[in-house]
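Next up, some structures in structure tokens.
After this come two complexes, each holding chain A, first together with chain B and then together with chain C.
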Partner chain A sequence: MARKSLILVSVAVLALVMAAPVWAADEIKIGVLYPLTGGAAAEGKELRDGAELAVEIINNAKPELSMAIAKNAGIKSLGGAKVKLIIQDHQGNPQLAADLAKKLIQDDKVVGLMGAYHSAVTKTVSAVAERFGVPMINESSTSPALTKEGYKWFWRTTPHDTTFTNDLYEFLDGLTKGKAKGVKAFDPKELLPIVSACEKTEWGANVDLAIKEIGKARAVPVQLSLLYAAKAPDLSSEVQSLLAPKPATMLFAGYGADAILMVKTLKSMKAQPKLIWGQNAGFESPEFLSALGDDVNGILTRTVFSPRVGQVKKVAAEVNGLYKAKTGRDLSGASARAFTATQTWAHILEKAGSTKPEALQKAANEIMIGPDELIVPWKGVKFATTGSDIGQNELGTGMIGQYQKGKDGKITLEIIYPFELATADLIYPFKGW
Partner chain B sequence: MTVETLLAQALKALVSGLTMGMVFGLVALGLTIIFGVMDIVNFAHGEFLMIGMYCGLLTYSGLGADPLFGLPIAAVVGFALGVGCYYGLVQFLLRGPMIAQLFGTFGLMLFLRNLALLIMGADPRGVHHGALVGKSFVMGPGIVVELTKLTAGIFSLLAFAAVWWLMNRTRIGLALTATALDGQAARYMGIPTEKMNAFAWGLGGTTVAVAGALLVNFWPVDPNVGLLFTMIAFTTVALGGFGSIPGAAFAGLIVGLLINLPPIWDAISAFSQWPILTAGEMHQFKYSFVYLAFFLIMVLRPRGLFGWKY
Partner chain C sequence: MEVLKRTFDFSDFPRTDLCVAGAVALFLLIFPLLPHSSFAMATMIQFLMFSVYGMGWNTIGGYGGQVDLGKAQYVGIGAYTTAVMMIRWQVPFWVSLPIGMALAVGWSFILGYPLFRLRGHYFAIATIAVSLVLKDIFEAWSFVGGARGLKIPLRTDMPSFLYLQFREDYYYYYVILGLFFVGLFYINWFRQSRIGYQLRCIKDNEEVAKSLGIDAHWAKIKAYAVATAFVAAVGSFHACYNFNIEPEDTMSLDLSVLIALMAMLGGAGSLWGPIIGAAVLVPMKNYLGAWFGAKAGLVGLDLIIYSTIIMVIAAFEPRGIWGLITRLRESRRN
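So, the complex of A and B:
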């Protein structure tokens, strides 16, 4: 009896194993690597939710949405095949992420990769993708160095930190010339001295370089710049050094919890700068706002998305509505960019009409997604195929937002830059805590 | 930069280092108690701290009270947690080899961290109002003293004094010390060593959970926050000598002062204008000084500064 049932079970298992490829035929697997635990877990969750919403829209027809991926169910040129994300948690660990990427490619046979938030992690994963010849789309890692490798299998939709840092100095320049809404022109010396503190991994170290180099080129040099360990319990020694030259402008790049700790330490050490700017990431995540409450009022952050974008872009408002219904939160820079990268994957698959790596590579190098399709305020998605920034989206642009407490007591990220898109008067100088 | 500002910067770094050092000492105290009595390294120590922090946070967000009211709650929770972990896990681990004890508490760490992730979510959270929240005062030449750290520091001194008194001046402390020195002999003398072990875990849990409830007035809490402090706590305990109460206090101060070397470097750089002392360069290495000190102690005096075991 026991033997008989053993045979039966074996047959059943065999049948399942044999049947699996038949199911898989109408499914396109994309391996996704995000930090779902560890210090950046909250951002990882945002990224995952953004990517999953895009997949829902790709796999189901939503004619009410004015974007191409919503027109029909699945990828039309592949017989309506559905996209399936296999999401893995890399915990912010570059080595683990490289191993996971190999497993996704070899065991799960994914047609492509997406991820991985931290620039240091994207660096190792993109190297794996390059070695195996598997296409990888990066949604939100902004270290400029990532697209300087000349890789043939790596594309990045988000603008990178050179673009963002240029925006920052454009903003500072415009601010002193009276271009910012609600602020009159003033002597540029008022913004000096400038100090900066960036976390010390791949991303922060490159932001630090960009801030120093671009500042020097524009004759507004940073007086003191330092790097710090993000996974650390104390930032008071850093803040003490930063405050020593009595800075007017303070620039930061931090992930998650360290950005919160930085602002808390600034407040408790009675910092009185005129302007505080954060390079997205920790300064832009929803928990930055929830953990600090009213203390964020007046802080600036570069961003790629604010719910306010919905005022100027209909499709952004529509997708934000869907996201809010799904998660209870507004789209953030992380979720909006994960959405956009997943959407880009759908466009590439649609154009390629195949899941062969070479076809995907060709399609990625040729696609052009127009600005009306996107929820982010970019000029489109088109990847560079020549020059020093191969694989970089040439049409991405950044924004600068400011947290402002409204009359209803709610804090919103208002758009401040580009000046022509401004949704509110700039609060300047920073009022302090 | 004048000599006065240079001295003021050095003084600021000193004050900041001493207060932060007392905080590190407080966090490390529970770890050293447990090790002193049982020779067990509690890898879940940081998670006990995290649970203490959530006690403070939930008192604030759940009951709407000042997070300081979370202190007694954290004390009770911490004691129960310590005793519960002992009877539920550690007493079984003691029967196994050393490696089982290491992996056992390591597993406990992963379990508690992921449990917190499941219940509380991954987002860092903080308290916005309270008697200590965001408060600081200025002293002398612009020395800012953060109230949360100062309170934690004072509390740390009290806790160290109390634990020292308990260990050296009471019967229960003598019994704990006897258990620590030779468990078998202590048992023959009629000391209930099982209860003593459980008590050590309870005491360790209480001190670290109370530390957590105090720290939440300043630090944001998330399920991974323990890790940030445990690395430092382990180093502190190893520097001071495993199992030594005054050692932990002293080593905490050393660690606090070491991580405040970079601002002094920056001040000297601004003062001297020597291009070789580039300002800002030292911050990225600030924990390296701590681990360097740890390394030197391990090489030169493996039992730690005040170690009394081995």
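So, the complex of A and C:
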């Protein structure tokens, strides 16, 4: 009898042991929507690579990395379950993205969504997520309106354009007061007139609004602002209008190919501004650098990441090393933010200990990721649960970088703002082409 | 009575066509009951939307032979009328739908009068231009949300048939399927009507048509208005189905070209052409994208296959797929 029981118990234990790996090998599917073809394809690939690197770290223990997601293989609270990304290409098309989101939710049964880069696309995808009650983490869409909807299933890790545009004006103010490394104080009037050109979808139109409103409130009004189509094959007439008031400061928001075209057109029309600033996106994609080469020297862009962050954050340097080994490129603002959003997903899953939507929603609302965990120079990740910006990460901060050609002839995005983090002297005024 | 008879009179089609059409109609009616993925459902809804767009385009572009590449502006008018009325004044979809169609038709009369003074390529280019101008106006017009567009807020009383807000897609499916059948029967009447014959006559030889006493200018304007009503109706539906509209996705040149392309690829000037065109292009576009679109190394392959098929059909049979079928039939008869 005892022998029989022993056999029974042994069989049961064996079954459990054998079943455990099966259970542990369960996959947690996250649906990801990025633009992998079309005008923003290069940024889409950056985002994909960033997210995939994070998944590699989540699924395989990498104790040498000083971040929580690297400690265990898989999600510990879910029995070591692995995270699997199901990536879809939305081509920058909001309608297609909404259909793909439904496919991911209903057919692929993903536990949550991530994406979608273009704010206009994120707007439709977040509406689908809300309709189906599925959590969505957004990594890089910065239109402030996205978190003004009061949605219960949408969270955004990146800071939005109100923050970034405030940074811009803080930077301009500090610049005239001599706070920028290597530049003496000067008369603020030198920076006038200011002109701006933004692409005209959800994102660009909101940047345009923020630039005008914040500028007006700070008594440095934008003299001329225009919106243009990101798909436009030619921007000569736009640039001509922009150059008419002989601008000292030129501000831009462009997605991919249009940002490159804008700079090329400025060069061909011999524009001579003192300062050129781009609102991230197209201005910090690897394509921007490779297509324009030395022509970017001196151009400023707001960003959330530069390989230079590695100088002040060890974990950023470590992850950048892994990314470079995998792709041959340094992390960019896009890939760093996709990495951070995927990392946030892992923290949410770990905290929830479940893949039920309600548990994930609760975990997302309660989560707090400290600054030491992050590769981006933020104060952490904590989502607002009250106020007018529900779902927005309250601890995100922006940076402004400047492309500078080093002595070795290589162009690097040096950190210029926050002034205390500056890694190089600011090139001011812009030297021209 | 005569009108009703013509609407349901398909007797000039061979029996095989009618059997196939009947089977397809049955399939469409029971599709939501069959096992299907949500992506297939979304694809079917898009197929029906583009079929109705194509049917509309076919009146002026197919029967009338006037290549119109500016239909997206009317999609926009329909969509914006519904969205604005719903957001600002809580007007139900079923009320804003006819208003949107009426506004679009009114606008088409205003545009049609000068546009149809032009012919051939000049007409096609002019339709593109006016459509893009309207898009630019909408992008700068803050009342309709400017370039950021409008977002229809989710209602708490979902599902709402009055406001066309549902969680499940099959409700939308049956609404657009209803529009599809109404459109199909209307076009069946249209092709056998006086204006239908007038248009075909104008398409073959406008001078001869005029010599027979046909007011070619007026006939074209009327057909253009009919096309517009179709497109605007689907535009209204699009606003509710998507919850979110922008000039870029409702009024873009891409959409205008796609509407014309589906009808031309299927077979312009035939009853089934636009439906066949949409049935081929919509699933191809969606599924190729979903299969290859995101795989590293295969990115863009879907677009290459998609464009190759279009080029091959255009090169071998300019009358589209329906032309191919007709040619096959003729060769068999001989």
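By definition in this document, the second predicted complex is superposed on the first by the 408 of 433 C-alpha atoms of A that agree within 3 Å, B and C clash if a C-alpha of one lies under 4 Å from a C-alpha of the other, contacts with A are read in each partner's own complex, and residues count from 1 in each chain.
The rule we apply is simple: a residue touches a chain if its C-beta (ideal position, glycine included) is under 8 Å from a C-beta of that chain, and two chains touch if they have at least 3 such contacts.
Here the structure is a predicted model, which is why all the values come from computation and not from measurement.
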item: Fit or clash between chain C and chain B when superposed on chain A; value: clash
item: Which of chain B and chain C A:E238 touches, first, second, both or neither; value: first
item: First, second, both or neither for A:K200, with chain B first and chain C second; value: both
item: Touching partner for A:N72 - first (chain B), second (chain C), both, neither; value: neither
item: First, second, both or neither for A:R131, with chain B first and chain C second; value: second
item: First (chain B), second (chain C), both or neither touched by A:Q272; value: neither
item: Which of chain B and chain C A:N365 touches, first, second, both or neither; value: neither
item: Partner chain in contact with A:A41 - chain B first, chain C second, else both or neither; value: both
item: Partner chain in contact with A:L227 - chain B first, chain C second, else both or neither; value: both
item: Which of chain B and chain C A:G293 touches, first, second, both or neither; value: first
item: 37-45, 55-63 or 127-135: stretch of chain C that collides with chain B; value: 127-135
item: Set of chain A residues, in rising order, touched by both chain B and chain C; value: 36-37, 41, 45, 200, 227
item: Residues on chain A engaged by chain B in the complex (per definition of touch); value: 36-39, 41-42, 44-45, 197, 200, 224-229, 231-234, 236-238, 240-241, 244-245, 256-257, 260-261, 264, 267-270, 286-287, 290-295, 433
item: Complex contacts: residues of chain A adjacent to chain C; value: 34, 36-37, 41, 45, 48, 87-89, 91, 93-96, 98-100, 102-103, 105-107, 120, 123-124, 127, 130-132, 143, 145, 149, 200-202, 204-206, 227
item: Sites on chain C touched by chain A in the complex; value: 37-39, 41-43, 46, 139-140, 146-149, 151, 154, 167, 169, 242-244, 246, 248-249, 286, 289-290, 293-294, 296, 299-300, 302-303
item: Chain B - residues contacting chain A, complex; value: 5, 9, 12-13, 16-17, 20, 114, 117, 121-126, 128, 134-136, 138, 144, 146-149, 218-220, 222-225, 227-229, 232, 259-263, 266-267, 270, 279-281, 283-284, 286-287
